[in-house]
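Across the two complexes that follow, subunit A remains constant while its partner is subunit B and subsequently subunit C.
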Partner chain A sequence: MRAASTAGPSFRDRFELSHRVRVGITAAALIAGGLLPLFVDGGGGFIDDATVALAYVMMALGLNIIVGFAGLLDLGYVAFFAIGAYTMGYFGSLFHITANGGEGVHILVAGPAAQLPGLHFNFFIIIVLAIAATTIAGMLIGLPTLRLRGDYIAIVTLAFGEIVGRIAINGDEIKFLDTRLTAGRQGITPVDKIDLPFLETFNSLELRPWYWTAFVLVLIAVFVNFRLRDSRLGRAWIALREDEVAAVSMGVPQVKTKLLAYGTGAAFGGVSGAFLGSYLNTVNADQFQFSFSIFVLAMVILGGLGSIWGVVVGAIALSFINNRLIPDVLNDVPGKIGLDFDLTELSFGIFGFLLVIMMVLRPEGLIPERRRKIELKAGIEGLVVDEDTEKQP
Partner chain B sequence: MAAAGLPASTSGAVSSVRRFLAQNGLIGVLLIMPLAFAFHDLRTEGDLSRLGNNLVDGLSNGSIWALVAIGYTLVYGIVELINFAHGEVFMLGSFVSVSFFSTIGLTVATGIPGLVAGLLLTLLVTMFALGTLNTMIERVAYRPLRNAPKLAPLITAVGFSFILLNVGLLWRGGSQRSIPNLIDSQALLVSIAGVNITRGDLLAIAVTIPLVLGMTIFISRSRLGKAMRATAQDPDAARLMGINVDTTISATFMIGGLLAGAAGLIYALYQTTIWFFQGFTAGLIAFTAAVMGGIGNIRGAVLGGLIIGFIQQLSDNRIGSQWTPAVVFAYLVLIMVFKPSGLLGEQTREAG
Partner chain C sequence: MAMFEVDEIHTFYGNIEALKGISLTVEEGECVTLIGSNGAGKSTTLRSISGLTPPRTGDIRFDGQNITRTPPAEIVKLGISQSPEGRRCFSRMTVRENLDMGAYLRRDKGIEEDMDRVFHLFPRLLEREKQKAGTMSGGEQQMLAMGRALMARPRLLLLDEPSMGIAPILVERIYETIGEINRQGTTILLVEQNANYALSVSQRAYVLETGVVVLSDASDKMRTNPEVRKAYLGG
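Up next is the complex of A and B:
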């Protein structure tokens, strides 16, 4: 007992903050995040970027379950974004315009959407549908990867992501009973705005309600992530990640655990996709590119694989770099220092450069998972011991 | 006796069928499309010349993918990294070669001896330039992360892929550029039973075969090649045996870059259009080819490249080019289901 308590601090980095300070910082960040919209223009670019960033946080949290907790490298996460967004498009737009003889189907919707043709479901119903669709899709995509390991999983998920993306782009050629499968590059637009009970229907001029909705969704996602990580299932994921053979021989059900990782991780992508479909007011096939999967994966790895707060920070950082820092802030720099060239042409080069720099400087991520940090440290200590023994005659 | 033997023989039959499927299921999957279209052609046109043309075009396209796929497979075999920047290296191969042959004054009007000499020079320069570039990328983006968590280099690879993409965009703009059709790549060379072989096909084969053969001999015979194979098997043991692992890894990236540069030149001459985004799809397709053949396996990468080229050509010609990536990736998933180790078996550390 006593030995354990004295051994505790030796694992800690000298610079590591105490538990109480960390709780304080987290609480302060959450309060600041919740109150942020009160201090900025409700229709401005900043809150727009912040809302999108929160939606990305949700996706990164989902991918973190698959890659960070369960250790299954997924390069096709965009598929779940697509499926979630198309669920929103199918059940909350004019897309099925001939449904019910042109009168439309309306379930628990108020506001302008209640008079329009097409399918119009309540946002909560759509969220549930999106979760169901993406969970099933996640498990289906997971099935062929069960026999595989390491990077082969990455390749199969990449392939599925690309196939879903291709179907989204060319889906307007596929017709079932004279409805197209997707609207292709044209996009399904307009999409119903979120309509919550006791509140007015959201609109695109006042972005604060959107922000708070995304914020609450992220809070729920973070909470669910923590509960999952500390649950029996979460421990099974981590066990599989650390050593598959050992975990299976200890009685961890491999198939069920892996499929649940895919399904759960995918569900977050679905919720975020449905939200973004409504927020961006379009479900456009061009959104679902391979580079988006990589973008979300970069958030997870940059933040720190498996570390929930790390992933939140990584996602916010990358989406702000991509959506705000590069296009809005850096673009003025050449003009100010008297150079005449357009920095927008360099945007993804700068993004790539930042990725390289950040990874080289901090390969373990911004806020590494504690377990990994201990491992890394133990690894280095082990190395030192080896060198000492080598020097001995 | 007979009653006892019967169940055993049926289960023997079942297991032998299963073994047959496990060994040949992949080949069966690969044959679905060619056989279906062969049947279709025989019924509607009465001969197989269309399929034959698809095969020839597919093989010349495939030889480009094969060259790129070798780069992927070598790098994966030795450092277990999906080098996402490799497709962009291939793209820059096209750009460098086009710029170089315009600089030295090769035009459509150049005579044949001058053209051959000029293109050979272009090939050498491009290969050297891209080999150097690939080595430098390794030095900057991957070597500092040698002891980092396994996924960290993946992100720097993606980062470099974006950087190179941007270089391409700045260099030649965002649209497809057509380039002088130096070798008149669609000109008919010979036609055998309705199957047309064009100059472009000849060029692709004539460049690819010597390069692949030379590289195979280099890896199997030379000292450095031996060091590469040793490092791929076990870097620590190789280091203990006195192999300079860092140099060996640099050499691997060098070879990958050389071949990608050659592939870039062939692509430019064969397709006669280049643009900055060509490397992205090419990279994914070539990686698929490497996995299909069995990653880490050079012969597998070549075979995989040729097969993917054929599948792609079939899909372009019959289904529609907008569906080609989906078809190629569907094949990839099927391969992973039937035979995860690829056609010729993988040769990596994890495979043991």
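Up next is the complex of A and C:
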């Protein structure tokens, strides 16, 4: 255990990579990521897990804006996954089967979906709708938290996630203009496959196009994240996170800045949700559990709060641990040592254990953000600005 | 008409009335100080002015414009910026990044020029330009907080307890600089427990006690006032 990281240059300092090396590693990883599908079975389990992992990366990047950049602890991120997925379900399935007198509405869709009743919109349109819906939802959830700090924000967002989850489960009994609000636990299925111009409609036997679509979406998400971080808005988020009173006295508009963090962060969840709705071919209330919010938060913390590449790595790692390592690779371990239980039931125990190990060995995350690294290295003393020096009654 | 006027403000923290009708004025180019002991309402007055805790009743006017209910960001834009109590630098940002945050609302071309001005006023900050604010001494952080407030190019600068928790030698330096800033034309409203320094740099002073102004006078007269001497200047 290398807990004594305050004394002198530590082990990991000596492995601090130069800028050039880091750029090289990043480029190599991106190329490897892009070419990966060429070397694996296009219908296999690995590419399936990899595609889901990329969708999770998008969510983690979104949550990172809220928690990592702006410092607003959000425990209800699953709500945005749900809203994005339901947008996909509403506008790309048989769900509204009576729409247009049973003829269906088709906007820029080809392939099998063009013949079916219900609403069938082009995937791009659905993405835009999902972004709009989640941004609005993100800002709405932001509103009641504006006057709150820290833990209280977490409680409100937690409640919001839970409310959306409950509505998803019970929505099949809520009728609105003759249609149900959701399909409850039964789920909306089938969902339209992604249908891009010049390409065949995606199918579930050949997963490479799905992977590449997710890969491009992640690239866009990473790019947007970097641009946001280095923008005026990004600086305002960091200032608010560091010291709210000081930021406000410098003229950072608190309400607008926080709401923009919630809104943009949520939008990534929406895009990912819409993608997953189509990819998993179902929009099912059981997907939207509180534990999923924690799962995404764990990715962000594991990777390094506020660090874009860190979050990407954290999300890939946790998603592979969850979808592959635990159920496939390690699942027979308990049986081998004479115990009778299913390892997947312990998933969250394992994540928790991982996080504890991380907090001991590398509290700033796998790839730490510059500022946080400084904070944790320098120790607490001297860095803490008095939390609230208000002495007045 | 005074450039800046506070008229009978009552500010509350919950149900507790911290300011019980404070009135004061600041003329263009002046340096005015509020002195008083702990809990007198000095910082609350500044917080009321900058919009952090707006008063429940009463008016605050800047250039004749009522800014009582104006949000903090708008107040900064109008030309009032604050170096808050306890400094509150962004500890994980560098000195330069902190100063940049001071100019957050500005989009004009004079930002670099003002940065040079701040570095000229506080050469220590230039030496530490790339250092994280959190790793500097209290005095240096105070300089940074003041520099950051100046980066907004304020017409009225609010300084909250610039001597708090700082080595005496640095307090002296900081007060020299406050005088310099004032001579360069920035109007200053200074809140201070250390009445000696505050009265030496200001032209007029108000004494606050439990949320009301009990005395106001020219600073040099205040220094010879026996009651003030006894209560605030250590005899």
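What we mean here is this: the second predicted complex is superposed on the first by the 343 of 393 C-alpha atoms of A that agree within 3 Å, B and C clash if a C-alpha of one lies under 4 Å from a C-alpha of the other, contacts with A are read in each partner's own complex, and residues count from 1 in each chain.
The rule is simple: a contact is a pair of C-beta atoms (placed from the backbone, for glycine too) under 8 Å apart; a residue touches a chain by one contact, two chains touch by 3 or more.
What you are looking at is a predicted structure, and each value in this text was computed from that prediction instead of being measured.
**Q** Contacts for A:I294 in the overlay, against subunit B (first) and subunit C (second): which applies, first, second, both or neither?
**A** first
**Q** Touch check for A:E345: first (subunit B), second (subunit C), both, or neither?
**A** After superposing on A, A:E345 lies in contact with subunit B but is clear of subunit C.
**Q** Touching A:A110, do we find subunit B (first), subunit C (second), both, or neither?
**A** neither
**Q** Counting residues of subunit A in contact, which comes out ahead: subunit B or subunit C?
**A** Looking at subunit A, the partner in contact with more of its residues is B.
**Q** Tell me which partner A:I97 touches in the superposition: subunit B (first), subunit C (second), both or neither.
**A** A:I97: touches no partner chain.
**Q** Output check: A:L158 vs subunit B and subunit C. Expected answer is one of first, second, both, neither. What do you get?
**A** First partner only, subunit B.
**Q** Counting only touches as set out at the top, which of subunit B and subunit C does A:V360 meet: first, second, both, neither?
**A** It touches subunit B, and subunit C stays clear.
**Q** Once the shared chain is lined up, is A:L199 touching subunit B (first), subunit C (second), both, or neither of them?
**A** neither
**Q** Which parts of subunit A are in contact with subunit B and also with subunit C?
**A** Dual-contact residues (subunit A): 372.
**Q** Can you name the residues of subunit B that touch subunit A in the complex?
**A** Those in contact with subunit A are residues 76, 80, 82, 84, 140-141, 144-145, 148-149, 151-156, 158-163, 165-167, 169-170, 280, 284, 287-288, 291, 295, 322-323, 325-326, 329-330, 332-333, 336-337, 340, 350.
**Q** Give every residue of subunit A touching subunit C within the complex, in rising order.
**A** Counting only subunit A, the residues touching subunit C are 232, 235-236, 238-239, 242-243, 245-254, 371-372, 374-375, 378, 382-386, 389-393.
**Q** Residue numbers of subunit C touching subunit A in their complex, please.
**A** Interface residues on subunit C, with respect to subunit A: 13, 16, 18, 38-39, 41, 43-44, 50, 52, 71-73, 76-77, 81-82, 84-93, 97, 100-102, 104-105, 132, 134-135, 148-149, 152.
**Q** Please give the residue numbers of subunit A that touch subunit B in the complex, ascending.
**A** The touching residues are 67, 73, 144-145, 147-152, 154-156, 158-160, 162-163, 166-167, 169-170, 290, 294, 297-298, 301-302, 305, 345-349, 351-356, 359-360, 363-364, 372, 376.
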